[in-house]
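Common to both upcoming complexes is chain A, partnered first by chain B, then by chain C.
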Partner chain A sequence: MTKPRSRTVKVNALARVEGEGALYVSIKGDAVQEVKFRIFEPPRFFEALLQGRLYSDAPDITARICGICPIAYMLGACQAMEDALGVVLPQPLQDLRRLIYCGEWIQSHVLHTYLLHAPDFLGYEDSIRLSHDYPGVVERALELKKTGNRIMEVVGGRAVHPVNLKVGGFYSVPRRQTVRELIEPLNWALEAALATVRLFAGFDFPDYRYDYTCVSLRQPEEYPITQGRLVSNRGLDIPIDQFTAHFSEEHVAHSNALHGRMNGGEAYLVGPIARYNNNFDTLSELARQSAREAGLEPVCDNPFQSIIVRAVETLYACEEALRLANAYEEPDAAAVEIVPHAGEGHGCTEAPRGICYHRYRLDEAGRIVEAQIVPPTSQNQKQIERDLWGVVEKNLDLAEDKLKWRCEQTIRNYDPCISCATHFLKLTLDRS
Partner chain B sequence: MAIGKKPKLAVWKFSSCDGCQLSLLDCEDELLQLAASVEIAYFLEATRAQIRGPYDISLVEGSIATPEDVERICQVRRQSKKLITIGACATAGGIQALRNFKDVDQFIQAVYAHPHYIDTLATSTSIGNHVSVDFELRGCPIDKHQLLEVLSAFLNSRKPNVPRYSQCIECKQAGTVCVMVAQGIPCLGPVTQAGCGNLCPRCRRGCYGCFGPKETPNTASLSHWFEQLGMPPREIQHAYRSFNANAPEFRKESERYD
Partner chain C sequence: MQVLVLGIGNILLQDEGIGVHVVRELQRRYQIPAEVEILDGGTAGMSLFEDLMDKDYVIIVDAVHTGEPPGTVVRLADEAVPVFLQQRISPHQLGLSEVLAALVLADKKPSHLVLIGIVPEAMELSLELTAMLEPKVDLLVQQVVAELAAIGVQLLPKGSEMPTLHPCSPPAEEYR
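What follows is the complex of A and B.
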């Protein structure tokens, strides 16, 4: 009997992801022996750094967890503090938050789909090389991304780490005229987003399916961005303050980010596919129609098609931003007044990569005693390893370099934000 | 740089949020033109292609936070003709340098179940603390127009036009009303380097110092003004202890409130 051939697939430094990660797969004959998605981004200890700071410092400090999705951290922190301090924002300020979040979805999704992920489908090392053959496509991408950034600048003051958001609302509200000036570029962006869905629909998608446990927020009236209840396609339906009762993290040797799992030990999926599968019915008519035309069913189970789902969400975010910009009137007050006191609060929003959960405990002066932040990528790590396992098993006949590239593409399906994932969750349970 | 050959640009990441590298991709109107005038030889966030060094220009994001980082930055320096650090992490240690004021072992135990899996230094420090740096571009995040100015300057062998004066000058130039004088809002503008476009005062917020100390800042005088405004000592300390906490001028001032 011949000894089964052993192979390893190693990617020491993953490209086109945010942060530092690596991949190790070992194969013996036709069987996958081991899969490790490693995160070696250095730890930054955010939860420990926050201890002793005033509640009002949390949005600006946690924004620095991620330069690509700062709004997810700023608003998660704001929401949790407002929950702890018993403050509810009036609708116009909530609308303004939804508007800036649409900006973050647009710039983050366009960055990932066009500049980081599309080159995999078209066989290019990167989008600059892609632009030599398809200049119009990359120019459209950059203009679309700019529209998202423009929203962040108008509402938040700047595109990376906005300065205008705070617990209770905003430092100042944008002028009506400035917000109205977003309408023209957004009208263009809407068309560009429709063309994007059509473009991605024409890609070839590797044949791989998985019956995911999809976890996302859900609201009865609108597609979830800034708030909602936590739901899954397996019947979970809880308020966000019960997050820790249903989800936990484990510390594994090969990663500087804690692995998220459901309390039964099960892996789960967060992000565009989970959101889409759980909330197809609350997408706009146009977004649903464009998804159908792109060949998507109301439930998507091929992770490679996440690039289409992101394009559909970009389209939806453009529509939402247009609606909010058209309806915008300057609110009477930029923020609700805050009186600090002791309390505990929870916040959860839909970051472009999936749910991002925050919990803080405050002392009577409003200082942070305990902080917990669960970013989307750490929740997806376990599922990423499952997908890699399945994708490698299905593609054992591929040549080394092709298999390696396919593995990288599989990881990029998740738009993993490794910088985020390494920002640590306080672990209260040691299972060893 | 050899005539007729495109200069090789590399972008390196250490401990950071990726926001400053992203500023490069956020140059939507200039990105393709920039990509045409340099050879992007190493930029992991944007490409899987890697071209070997030496590099004409290296942009370095992030702080030095692990033993492996110390070795890697020395390698980067050896391969780079010019090394430019971008952002508060690379120029001052970043927000993660708050650990420098605390016991890092306690941090690890607070966050991880198995502390022995984690390999980290007790401090987070700037790139300039470890190797020589040709230019430091400030900001948390950097301003993309300043980044283009610095790249253009280095590509044309001239000095970058990046002012070291304070935010106050920028506010006066823009006609932004002083939030501290007019509304009594504490503002780090007088001791913070200009460059962001006086973003915070324009939002009726005090500057929070994300561009780090200006040249020769009078922090003691500003802290005195903060006291006059009724700001408690701990809040004054925390004002200096954010993204540029480990910049010498801010660190020294915050330590006066220990």
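What follows is the complex of A and C.
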């Protein structure tokens, strides 16, 4: 005998998500009627700002879309411009880009996992109250994050909104000695990252699984960060310039962010779990081993375990940064010379939250006539709603506050950077 | 003494980025002594946690909504600041109130905190400030200079560093 009941769960102004969002779930009896994950901010047409500007302005302008992952925006823009202008960076400069991107992964993943996500699993309202009970843990987190920041400082000139990156390479390259000074803190960070994986492995994970369509970059030789082909676990394997032929964004009435979908209409997942599932084989031996010890299979289908996957990726990023710092020699030139001309180019990198796609069209003078940026959070929107639907269905018996908590936790699995997902239409200029 | 002057906001959204414009102008005009850090915090939100940790003085420049006319400048100090931001008067969604609240809980709050805020006129998509706020940049720069002077930090305009370069002058640190 089920008695009819009707419940509405509203979570306004999610705490501990970068930016702001709101969630609306409607339940009737034992069935979920509606799930809406909403974003508050006014529509933003960031691409419009780029119109008429020089190709060289794009990295610094797009970096301001998100202060949490500026490298993702800068390098996506650089890569697309280099593609449009027919420039290929020599390996040492590409390595330096991979190094700074490791810094961004470390600082972003550590910020999210320790300070925003871990408290969910331990029943603390926030990481600071957690710190009273586990003082060493929060200190370790801050020190780890600082290691990421230090990489950004050394290569990018500043940890917050780095300034040293440009189309064609860098304004200046760091001295060999300065990069070598990263080795000692990175050795410490590697151990701290291992301990992090073990710590998170001990958490109690809600029982929820989903057969995700995972989309990420892939490279045959190394775990994807700065480049690769676009692949999925359903057999997709395309160069990045085919992105728009396979993915699109739709505007939904209840959110200002665009919702990404595959052209067949289905939701897909980007970010740590998608990357990990598509690229387990290219992780380092140590990262694979520590994932296994933490109880992860080569395919992870429980989104709550994304916290372990982020820790494994943090470990990998420390290892990679260490490898790159050890091998670093000052390149002959800080940048490749650019001769502007007309063209179209694509860029796609693995931001901490998943693939971030850029496309630009330039006129003969190298001015931007068309721009399109597809950030990771908007691509995950549709999948977030799917997960919320499933999680609510599984937890209908939970009391109101517990259910709310579980919904928030589900959203935080995605580390949604809501400020960059709040993004609208592509811009096409008619120059006639 | 460790002093941080932090400008925050999104420079892609017109007056929302005023804090960043002010600290950039400050840096352009003045020699910055070693104990003062000028930070363009942009939209880094929670990432600013360590930058704010354990500072003696933090001066934040930001756009604020107070209900007063655009261009109105407000100054808030210490206890008034986190409360102010928790009421979401600050228009951007940077999590600064969370950072401040977290610093309080972690007992790593700056000893002294000053917020210099200005009411924005518009926050449309543009890299330029509105005609209303553009001329206020100078005023806000002067206000930061005055705040620093009040705690004993004198900023010298760039170009006035000649005396310290004289061989008989004491090293820069002592000179200050």
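Criterion: the second predicted complex is superposed on the first by the 422 of 432 C-alpha atoms of A that agree within 3 Å, B and C clash if a C-alpha of one lies under 4 Å from a C-alpha of the other, contacts with A are read in each partner's own complex, and residues count from 1 in each chain.
Just so we're on the same page, contacts are C-beta pairs under 8 Å (C-beta built on N, C-alpha and C of every residue); 3 or more make two chains touch, one makes a residue touch a chain.
Not measured: the values here are computed from a predicted model.
S.K.: Overlay done on chain A, so just call it for chain B and chain C: clash or fit.
M.R.: On the superposed model, which is not a single observed complex, chain B and chain C clash.
S.K.: Just checking: does A:Ile61 make contact with chain B only, chain C only, both, or neither of them? Give me first, second, both or neither.
M.R.: both
S.K.: Compare chain B and chain C by how many residues of chain A each one touches, and report the one with more.
M.R.: B
S.K.: Looking at the overlay, what does A:Glu139 touch: chain B (first), chain C (second), both, or neither?
M.R.: First partner only.
S.K.: Using the superposition on chain A described above, determine whether A:Ser172 touches chain B (first), chain C (second), both, or neither.
M.R.: Only chain B is touched by A:Ser172; chain C is not.
S.K.: With the two structures laid over each other on chain A, which partner does A:Phe45 touch: chain B (first), chain C (second), both, or neither?
M.R.: both
S.K.: For A:Gly157, is the partner it touches chain B (first), chain C (second), both, or none of the two (neither)?
M.R.: In the superposed model, A:Gly157 contacts chain B only, not chain C.
S.K.: Chain A residues touched by both chain B and chain C?
M.R.: Dual-contact residues (chain A): 15-16, 18-20, 41, 44-46, 48-49, 61, 64-68, 70, 111, 115-116, 126-129, 131, 138, 142, 145-146, 149, 160-161, 419.
S.K.: Using the touch definition from the top, list the residues of chain C that touch chain A in their complex.
M.R.: Residues 10-13, 39-51, 93-95, 98, 102, 105-106, 125-127 of chain C touch chain A in their complex.
S.K.: Quick one: in the complex, what on chain A touches chain B?
M.R.: 13-20, 41-49, 53-54, 57, 60-61, 64-68, 70, 111, 115-116, 125-129, 131, 135, 138-139, 142-143, 145-146, 149, 157-161, 163-164, 170-172, 250-253, 256, 258, 408, 417, 419, 424-427, 429-432
S.K.: Per the contact definition, I'd like the list of chain B residues that touch chain A in the complex.
M.R.: Of all residues in chain B, those touching chain A are 13-23, 25-26, 28-29, 31-32, 35, 40, 44-49, 65-66, 69, 94-96, 98-99, 102, 104, 106-108, 110-114, 117-118, 120, 124, 140-141, 196, 199-200, 202-205, 208, 210, 235, 238, 242-243.
S.K.: Quick check on the complex: what are the chain A residues that touch chain C?
M.R.: 15-16, 18-20, 40-41, 44-46, 48-49, 61, 64-68, 70, 107, 111, 115-116, 126-129, 131, 138, 142, 145-146, 149, 160-161, 418-419
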